[in-house]
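Labels run A, B, C and D following the written order; every chain starts at residue 1.
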Amino acid sequence: MSEFVQHIINGLASGTIYALVALGYTMVYGVLKLINFAHGDVMMVGVYVGYATSRQLERDTSQSFFGVTLIFLVAMMTCAALGFFIERFAYRPLREKPKLTALITAIGVSFFLSYSFQVETVVGGLTLLPGAAPKAFPEIIKPTEWLVIGDRDIVIWNWQVISIGIAAVLMTGLQYLVFKTRFGMAMRAVSFDHRTAGLMGIPVDKVISFTFMLGSALAAGAGILYAIKDTLVQPLMGVTLGLKAFVAAVIGGIGHVPGAVVGALALGLVEEFVVGYGSSTWRDAVAFGFLILVLLVRPEGIFGRMTAEKV
Amino acid sequence: MNGVLKGLLPFAVAIPLLWLAQFLTKDTPFLVILSLTVGVNITLAVSLNIVNGMTGQFSIGHAGFMAVGAYIAGVVSKMTSVYGISFLPEGVSDQVLYVVSLLAGASSAALFGFLVGLPSLRLKGDYLAIVTLGFGEIIRVFVQNTELFGKALGLSGVPQRTSLFSCFFVVVVVVVVARRIAASSHGRALLAIREDEVAAEAMGVNTTAYKVRAFVVASFFAGLAGGVFAHYQSIVAPSSFTYVKSMEIVVMVVAGGLGSTTGAIIAAVVLTLLPEALRSLFLNITGDGSIAQRVEQIRMPIYGLLLVIIMLVRPQGLFGTQEIWQVWPFRKRAKPASTTPGAP
Amino acid sequence: MSRAEPTLAQKTSSASVRPEREPLLEVADLHVSYGAITALTGAALTVGKGEIVALIGANGAGKTSTLRAVSGMLKPKQGRITLDGAPIAGKKSHELVPLGMAHAPEGRGIFLNLSVDENLTLGAYLRKDKEGIERDRQHAFEMFPRLLERRDQRAGTLSGGEQQMLSVGRALMSRPRLLLLDEPSLGLAPQVIEKIFSILKTINQSGVSILLVEQNAHLALGLCHYAYVLETGAVVMQGTGKELLASDEIRKAYLGE
Amino acid sequence: MSSAAPTGTGAGVSNNGGAATLLRVQDATMQFGGLTALTTFCLEVKAGDLQGLIGPNGAGKTTAFNVMTGVYRPTSGDIIVDGERVNGHLPHQVNRAGLARTFQNIRLFKDLSALDNIKVACLADDRPASSMFSRTRVNALRKQGNFVGARTLDAWGNYLDWWRALLTTSGFRADEERITERATRLLEVMGLQHRKDELARNLPYGEQRRLEISRALATSPKVLLLDEPAAGMNTREKSELMILIRKIRDDFKLGVLLIEHDMKLVMGICERITVLDHGETIASGTPAEVKNDKKVIEAYLGVESKELQA
């Protein structure tokens, strides 16, 4: 029983990280109806920026509250800028083109990001691009046991609490932004119909840019949380994690904010149980199996609504 | 019967030429290996073009089918090579077993193509793309966990039976098949699905059946390519069939022009040889291996950038939906090419 | 004309001459095309200040395209559009809202995923005066009490007529000088149409100029001060509502007599 | 809206007495969620009929077409094409049963040549009558009510066709030649032979409409459904089209049902007109009857508002 509870806790903790990445997918899909394949890679860039920032700081500073906040902020801001550029120069020119064009572009951006980070580039002693070798993310948050129940029957780690906490705060914030603010209303309007949204005086391009930036910043935050747990950072991490987050978003019904969270938690739990009671090597296959199953049975996801093509 | 003989004409021309090529290159192993890589890539690109280019479905898991073909063909070949066929001379027996294992691999891949084609009945565009990608990953994870396929280390000791001749014979077959499909009412049905699925369906095209058939044919040839690959690499490892391999093929198809068989061939040749050429160029100029090595590393980001730039500047790729002989300078009055790939 | 039903022109006695007004919207030589398909070939019209102008014509004549080009939803290939003397052709729709343009688009353009209240708030997206917005919202609810009953419901649950009311109410929230309406009567029951049209009249009397695209020729011509008939992308006939109502050509255009 | 009491000789019944009924729609109703887009729609088209379906925007005309051609499955009611009940069938099966259509917003295969657009629609239709899998045999099975058998035969024919295409047998080549020949002939019927090799997207609007009609004809339909064939055409093109549609009906001996907004065109060529408003059939009869129907006049010109006259 206690093992079961432990798995649930672990599953939820990793699920929250998927959820943060999945929210970015869902938001971008919401406003653009585009699956931003590069989202996971933006997250990877964020992790590297966080890594670089923490290496610049003194060990003590990087573990202080100030240091951790700084690391998160720098990574999130860099990714927001990256998201802005990707949208502005790769996606916006193709907005009125067939969807396939944008899809191929997104795949191209993803490929470019994940593989350019594998090319080690050192200019004047400064490492610009890190190379393919996995790096250990500094322990900016020292793992400690936050709560131990019984004779180590159930252990809850501080990073689990922190990531669930941060995720909860960010998700609540996002929910607030989307549903309670003027800007959120504009986002939802753009998501429903960007032409009509323009008629309301909503600057559609700006809303889409901002959504991209927000999603990318969230991804960076999630990436660092993930890296703290997994500690290994490598350029292809974004592809796998990104795809899983995408799976979560689709399971929840892409374009649906709470759906993404539910999907992500479900995926986190399923994976945890497969690893806990099965074998960890099957972990990645499970996510995709789950996805294919959901798409075949209910392609619109758990919360999504199907839209029929007009003839 | 006369018609069938005419239909076999390309092979009658190709076979002697291929023999000649094999004979001429027998002392240049480097060239042969390079050519085999080119041949496998052409087969993959031309077959993927049937799904992505002609039918307008976007598959990004082609390496998965290649993996199925490679592993099944490899296993069959390994198991049968112990026995051989007693009443045949050894060389002939080997070749027969080679063909049998290739066909086994290709058929298994085709079966998987059928299974993956089924979701395409309900899913479109990006969702289908993800499913094909997911399928490719599942295959890889499955292989990594199966004793029979050598787990993560891969399948080693597959007999080296691929020759220049057999590899390019497969290329000739896939090209002829692709072109003949395109020139028949079936190809037109596929193109119609790409252009407008609703209209195609309304004009009596059984879009469901055609989409699945496109997947089956394409994965059959991907499996064949996998088998050929397995029989010259002799080691089949899961790392050869990742998402990256699938993307490489996608880049070739997109760059050549979605729907253009000759475009896919040219893109496959160029994109396979260019990195090699650059590598040896740098090696000769600088005499320094490290820069040459970086060519290989830089190849991938450049592929990504290439996709983005093609989509922004020339979304129809090199030839658009046309074949090389339809395009200037071979034809005086070139029609304005399309500006959009795939269905609207 | 075989049937002797009295037309509006015969009932009312006022002169059917277009009164001189200062122009608010001027459109000249407007060309619009979608790919190979040409929608407008040199359409021209004027909406005076305080005027209701109707645009009628068969399906595919280019009525909706005219509205879209005016409100910046699509870029005209060629042509001049001026709002109060300032050229606006080619501007994006969100840049035109602050200039006093409001467009209730074809198919009502309601954000079905948002609540009635949120739809109205979006109409005032660019306005900062909270009290003014609140007053206008109350005004919209007074005009359409049905919307007040449903203010917190998702707009997707509204009936067609209620959605149309919301569309008009929302367009007014930006305090426009020029209101573009695309087929406000589409798919509505006659009583609802009548209600909406009488409200349009009130709105106009409060000083808003209206450019109305309408299939229901009787209603449109009865309401408007001036009307244009569009055919295959160009104006083929124009006149005051009364003139056109009295015209055989209109019956011909609509019933093929 | 009060329930309709259609004028004329009865709802949607053709006055083309002797000919066989090719399309019969019985009480078709289509609901989307809570919305009823089409209510108990009835229609009968016989060989040689030229009928019109009219009504204001949003009246449910295109919905009716979509229900008939299998795009939507009707909530209730029956669609019978040449004796075969096709509701719930996929659009391509409905097409094979003998119903071809054009689309309101032209849906050509834009990047294929005009000729290829038609050849797509010819598909397996041109196997010689002597062939084991000929259309005649398939239809014979269908006539006997053996629909499964008909479809199986068709499917096997198709499978063999793949191999014939891959081996380029002489039979395959003969088929291709026949298809090309027939497609060329259909282009000529529509006066498009000079556009043969042009990509469909590069054709002028009017010609695109005509190409779509010839593409529909290539599927050898028994009934042709035209969704606003004259939309966006100028007056001259429209009158040419009228003549053309009548000629098609006579030459191909089929039933034609068209949706059209141009009253002049509809009244000019249709022998029978059904009027929809809010999904309900408000009138049905000859052009003269329909033209003078009070409900129709109201639906088109609109009721006069009492309040506005104040």
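The rule we apply is simple: contacts are C-beta pairs under 8 Å (C-beta built on N, C-alpha and C of every residue); 3 or more make two chains touch, one makes a residue touch a chain.
Please read these numbers as outputs of a predicted model, since none were measured by experiment.
Separation of chain C from chain D in touch steps, taking the shortest path, is 1.
Interface comparison, A-B versus A-C: the higher number of contacting C-beta pairs is recorded for A-B. Using the mean of the Cα atoms as each chain's centre, the chain most removed from chain A is D.
Chain A and chain B have Cα centroids lying 33 Å from one another.
We define each chain's centre as the mean of its Cα atoms; on that basis chain A and chain C are separated by 45 Å. Annotation: 49 Å between the Cα-based centres of chain A and chain D. Between chain B and chain C, the centres computed from C-alpha atoms are 56 Å apart. The set of chain D residues that touch two or more partner chains comprises 71, 103, 201-202. Counting only residues that touch two or more partner chains, chain A has 311. Of all residues in chain B, those touching 2 or more other chains are 198, 344, listed in ascending order. In the complex of the two chains, the chain A residues touching chain C come out as 182, 185-186, 188-189, 191-193, 195-204. Here chain C touches chain A in the complex through residues 71-73, 92-94, 97-98, 102-103, 105, 109, 111-114, 118, 121-123, 125-126, 170, 174, going by the rule given at the top.
Those residues of chain D whose C-beta lies close enough to touch chain C in the complex are 1, 56-58, 106, 201-205, 208, 228, 231-235, 261-268, 278, 291-292, 297, 300-309. Residues 2-3, 8, 11-12, 35-39, 58-60, 183, 185-187, 189-190, 193-194, 197-198, 201, 215-220, 222-223, 232, 251-257 of chain C touch chain D in their complex.
Interface residues of chain B, counted against chain A in their complex, comprise 56, 58, 60, 119, 122-123, 125-127, 129-131, 133-135, 137-138, 141-142, 144-145, 198, 243, 247, 250, 254, 294, 297-298, 300-301, 303-308, 310-312, 315, 340-344.
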